[in-house]
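Next, two complexes with chain A in common: one pairs it with chain B, the other with chain C.
Coming up: the complex of A and B.
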């Protein structure tokens, strides 16, 4: 247990080593948030609300959605694919595999450390901007509590997806491009920029069969209060089902992949 | 009881056949052709507890592949390996507790943060008892001088410091077996010496079994009780240093400086000299010690010209290995 804490601590410390990097990333996130919100202001210009699959959507709800989505992105994002890609390509993965700890536990702990750093140094500025510059809605403690549970599950789902994609590097050596594919799939079907409620019927149906909407769309629905209690429980249960499915897939891939692994270099 | 057992180990890699040139590279994208490369072929050996074994061979001989199988990160194509009764590639994590590994070209330290943070992580990862931890840290500070740079981020360390720190973290849990893959690569003479002494000390005081791969023949001469030589995946030699020298190194070299003369040294060939070079002043003569000795050659020379100076070069392991590699190379060329 203490080993996990040490890894979390070390990766947190690694994060704060590069101060300029931290500042620039905060700046980048703020700019991206401003662009998205301005876009929604323009789109909503003449109308009080917009029609969607789940009823009328107000501008203030859309702004809140965008802010929560940006925060979610900062909190759940991980560098698992980039890290694995790099480790496999350079052979550095050997150094993780000689430790009495599973690779997944090492990567998972590293991710928690980075997340901790992100929550403290990157999400706070966004939250402050949301509260003071825009009409960021606080929608009650109960919603917040369920949102946090759903957000945790979302982070696990995203981690599992990244880990699975990363493990395919055992066959293909380099996987960062697949990471881009995954990112884009999540961007579209997860609803990180455009909520699924604005999707055309066909795309909306496709997204129902994919795990991606459980990363952004459904947790944010819970926060904004667009689902009732029954819906909330359903979402969380479905998240768990997806986590179970992804863990099974990951175990199978690991079992075959580890035999394929070629440690590159000397 | 052998602590490491390797039986008929074979590892093959499959890789895409690459075609030459730009269009070849494009063709490669769509082709399904593979070639099989055998990195290790039917290798068997065993290592006893407390031994220091030098595992050597030319570049690309299959040394690292063997080590990687023994630490559990490569699964052999056929054959078995057993380390302390555990099959490493089946119980990788269990095996990891018994071993320490240093790959000279890589580091297991956290790059951006001070050494001490990596040390603390290892302490908890291997669940090292406080007493053992403090005892080991005391030894490492004394011998490796870890204290001097324990609070420096790893990326700011010199290569020598980094290697010392890497040795430290891989030995913190007092492993039974230590694998060293080129531990002295790129280091200066003083640091090399320091690290060799440390390895010796660890072996003597803790009884750690050490498997060492290296290209530095001084490492071998000063550390290893036993040598295993591998080339192109095949085991070539397994035994102590003395017999290897006897087998490949019956040559000695004699350098003689003479006053200018035009003696033809061809006459020496009949006496047991295997090779010579002479430019009228400096003669470089190689001979086999069981046929002729330095005295014999000197007497022969002195009868024919004025000898000003001479020196005898004992066979050292470097020459033995060089000769051996060359013979291996020639043998494989002949087979083709």
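Coming up: the complex of A and C.
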């Protein structure tokens, strides 16, 4: 346990070391907020609200959606795929496998450290900018409390998905390609940019069968207050079901993959 | 001329290396392809719910984005990797190797790295150009075609110059790679949509400071024959090639300043 806490501390400190990097990333996030919010302003120019799968949507809701989505992105992001890609390429994975620690727990601890850093140094500034520049709406403590639970589940789902994609490196040594495809799938079907409520019928139905919407779309629905209490419970239960399914898939892949693993060099 | 010959020689060697990893080569193209395919998909989804973006219809927005994508792909093919990894080469001392060869340091840097994944942008760009040509009311007279090629060359120069300038900061900063990525990936996302949707401050920034607006927005006004809804002079729609050349001269000057300042890490 002590070793894991040390890993968390380390990855937190790594984040702090690169201050210029932190500033640039905040700047980058502000740019993409500005692009998206300007776009929604223009799209809502001539009408008070837009039709969607879940009723009329107001501009203010869209702006809040965009800001919460940006914060979610910062908080749940992890380097699991990049780290695994690197470990497999350099052969360092052999060292990790003989340590008396689980590889997954090492990666998980690193993610917790990075997340702590991200929450304090990256998401707080964005939240402040959102409140003062873009009229971000606070929608009540109860919504916030359930949103945080859903956000935690979302982070677990995203971690599991990244880990599964990372494990494909056992067969095919360059993982970042698949990581890129995963990011793209989440960007569309997770609703991180365009909420699924604006999707055409066909894409909306496809997204219902995928786990991605539980990372952005449904947690943000909870925050904005677009679902009732029954809906909130349903969303959280569905997130747990998906976590269970992903863990099973991961275990199966691990079982076959570990036999396939070729250690390069060392 | 000899530079081109040399580039082809380097390129041939590069292809030989890459053909060892054929699957990886195609995955490079595919993963880039998927990234831009979803941008087009997103624009399509938006237009399913909303009629226009500030008066620009679906095909017009796609046309604008495509000019950006294509010119960026072309510039990235040659310049992205060399300049993105300049910082790393300076740290490791690898940069010194470039300095005692009988060719220009900049030329050598460009020759050494090539990024085939940008071919994905070009292929997608050509497909999308073909697809939206029929839907746009552009009359392709000979003069228009020639002007379009000149504009694309200007857009290429703008994109390349911005990559070169941001990468060259590596002579001063230890983390220039994140400067390049922030400007080239994040800041450039402003021109995914017509620049007229942004507030005055952003429009000034995109016109006079980091002039991405000249890549697609101003030439787009000319080709799509639109009322100029932006703040600036109507002559701006003809300025893309000029801006490209001026920016490239600035970029090369900046590179020379950086080179003069360079001191080896000496490992």
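Worth a mention:
What we mean here is this: the second predicted complex is superposed on the first by the 265 of 266 C-alpha atoms of A that agree within 3 Å, B and C clash if a C-alpha of one lies under 4 Å from a C-alpha of the other, contacts with A are read in each partner's own complex, and residues count from 1 in each chain.
One rule holds for everything that comes next: a contact is a pair of C-beta atoms (placed from the backbone, for glycine too) under 8 Å apart; a residue touches a chain by one contact, two chains touch by 3 or more.
Everything quoted here is computed from the prediction, not taken from an experiment.
When the two structures are aligned on the shared chain, A:198 is found in touch with chain C, with no touch to chain B. In the superposition on chain A, A:17 contacts chain B only, with no contact to chain C. Contact comparison for chain A: of chain B and chain C, C touches the greater number of residues.
By the touch criterion defined above, A:94 reaches chain B but does not reach chain C.
With both structures placed on the common chain, the touch criterion links A:238 to neither chain B nor chain C. Look at A:6: by the touch rule set out above, it reaches chain B but stays clear of chain C. Contacts of A:259 after superposition on the shared chain: chain B is touched, whereas chain C is not. Contacts of chain A with chain B, set against its contacts with chain C after fitting on chain A, overlap at residues 18. Chain A contributes residues 2-3, 5-7, 9-10, 13-14, 17-18, 91-92, 94-95, 97-102, 258-259, 261-263, 265-266 to its touches with chain B in the complex.
Across the complex, chain C meets chain A through its residues 23-24, 27-28, 30-31, 34-35, 37-38, 41-42, 45-46, 48-50, 53-54, 173, 175, 178-179, 182, 185-187, 189-190, 192-193, 197-199, 202.
By the touch criterion stated above, chain A contacts chain C in their complex at residues 18, 20-21, 24-25, 27-28, 31-32, 34-35, 38-39, 41-43, 45, 50-52, 172, 174, 176-178, 180-181, 184, 187-188, 193-194, 198-200, 203.
Interface residues of chain B facing chain A in the complex, by the touch rule stated above, are 13, 64, 68, 71-75, 92-94, 96-97, 99, 101, 103, 105-108, 110-113, 117-118, 120-121, 124-127, 153, 181-182.
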